[in-house]
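I have a structure here, written as structure tokens, and I will follow up with some questions on it.
Just so it is clear, A, B, C and D label the chains in written order, and each chain counts residues from 1 on its own.
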């Protein structure tokens, strides 16, 4: 029942919509061994930096390496945790403030597993995947985002 | 910006739909101080118990006490964690295998907070809220669910 | 005193009712449970907690409120 | 040997290109970085990591692969 597909791209052009997420949840309702889902969503913040407001982030990536890293994170999470399935999507290109740029979705028969697994996966993505973010201000100047 | 509404019922009749969840995510896209959402979904499992398959759970609750407990959990989570908002929905009545009976949604500027807060809230719900579940088998016999 | 008692889940299955009002003169929650145990034979072996005015209390608690609930194991989520 | 170098994010801003191929005869990643530092003056003060054939390597690593990437701080999610 493990949903281990061959390596495919995690990247999507532009924001990840709430319809896409709702639909992804819907598709799991046929998997009746699942008792718990845990979903992480990264949303672009309209940060105020020295009086300038972030209006969007423009994402780029070293795509081949990033997909390889996502694949390794996926394999390692399936090894560590008893997951029924796992999905990761990350935006490339422009994502406006308030829009969603990262969608991580894990499911398992039991809840304890999904909490541990989701945090593990999100922290690994932040640390290991070569994705770069250009924070665009309302006046069209920019700065480069750094994960903390 | 804290979304502290007066006490209201957490209960919804029947399953929580993926459209409802998608719509709830959509509504948060105007809150541009949010950087991270974390969502827990409880889904009814078609457990096999001595050869009989669970086809649905029928939920009842001591509603007044349960809403009071949900309110206390909510207040205590807002005190402990820097959350922008928090939403909890629980089903009453019949929820079929594969359908969603619990939806907990927390949002914050930063991700570390949402992981801690979500697990805290879900564990508190499981431990402290007087909700009862009758597992209905395909042959219409039943047993009473106990949280583990 | 009048005591309103609520039953839930498998406890309500045993009592065959969701609520009743009893006239009662004991002091402790355990005194009340004794009465209920003799009234509902199958209650004895069941696992439940007691809430008094919507707060869980131990069986040694003094009866102070009029609302008592017998709560089987929680199964939320 | 031929080395294909990729630049990303703020590093690509400095080099004003996303990739280039250099003819190079040094041994270590650090030798290559010395060449790049003199070619792109503003590179020196920048924070970046180096990937060789899609794996992060220390600057003391021997150059073995043809694909080198200069990666500024990650900002996924």
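To be clear about the criterion, a contact is a pair of C-beta atoms (placed from the backbone, for glycine too) under 8 Å apart; a residue touches a chain by one contact, two chains touch by 3 or more.
None of these values were measured; they are calculated from a predicted model.
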| query | Farthest from chain B in C-alpha centre terms, which chain would that be? | reply | D
| How many angstrom lie between the CA centroids of chain B and chain D, rounded to a whole number? | 48
| Mean-CA-position distance for chain D and chain A (Å) | 27
| In angstrom, rounded to a whole number, how far apart do the mean CA points of chain C and chain D lie? | 72
| request: Mind pulling the residue numbers of chain B that touch at least two other chains? | output: 42, 111, 122, 126
| message | Give the residues of chain D touching no fewer than two other chains, as numbers and ranges. | response | 77
| query | Which chains are in touch, pair by pair? | reply | A-B, A-D, B-C
| request: Write out the stretch or stretches of chain D touching chain A in their complex. | output: 6, 8-10, 51, 54, 69, 71-77
| said: Could you list, by residue number, the parts of chain B that touch chain C in their complex? | reply: 42, 57, 59-62, 64-66, 68, 90, 101-102, 122, 125-134, 144-147
| field | Touch list for chain A against partner chain B, complex | value | 18-19, 21-23, 25-26, 28-46, 97-100, 107, 109, 111, 114-115, 118-119, 122
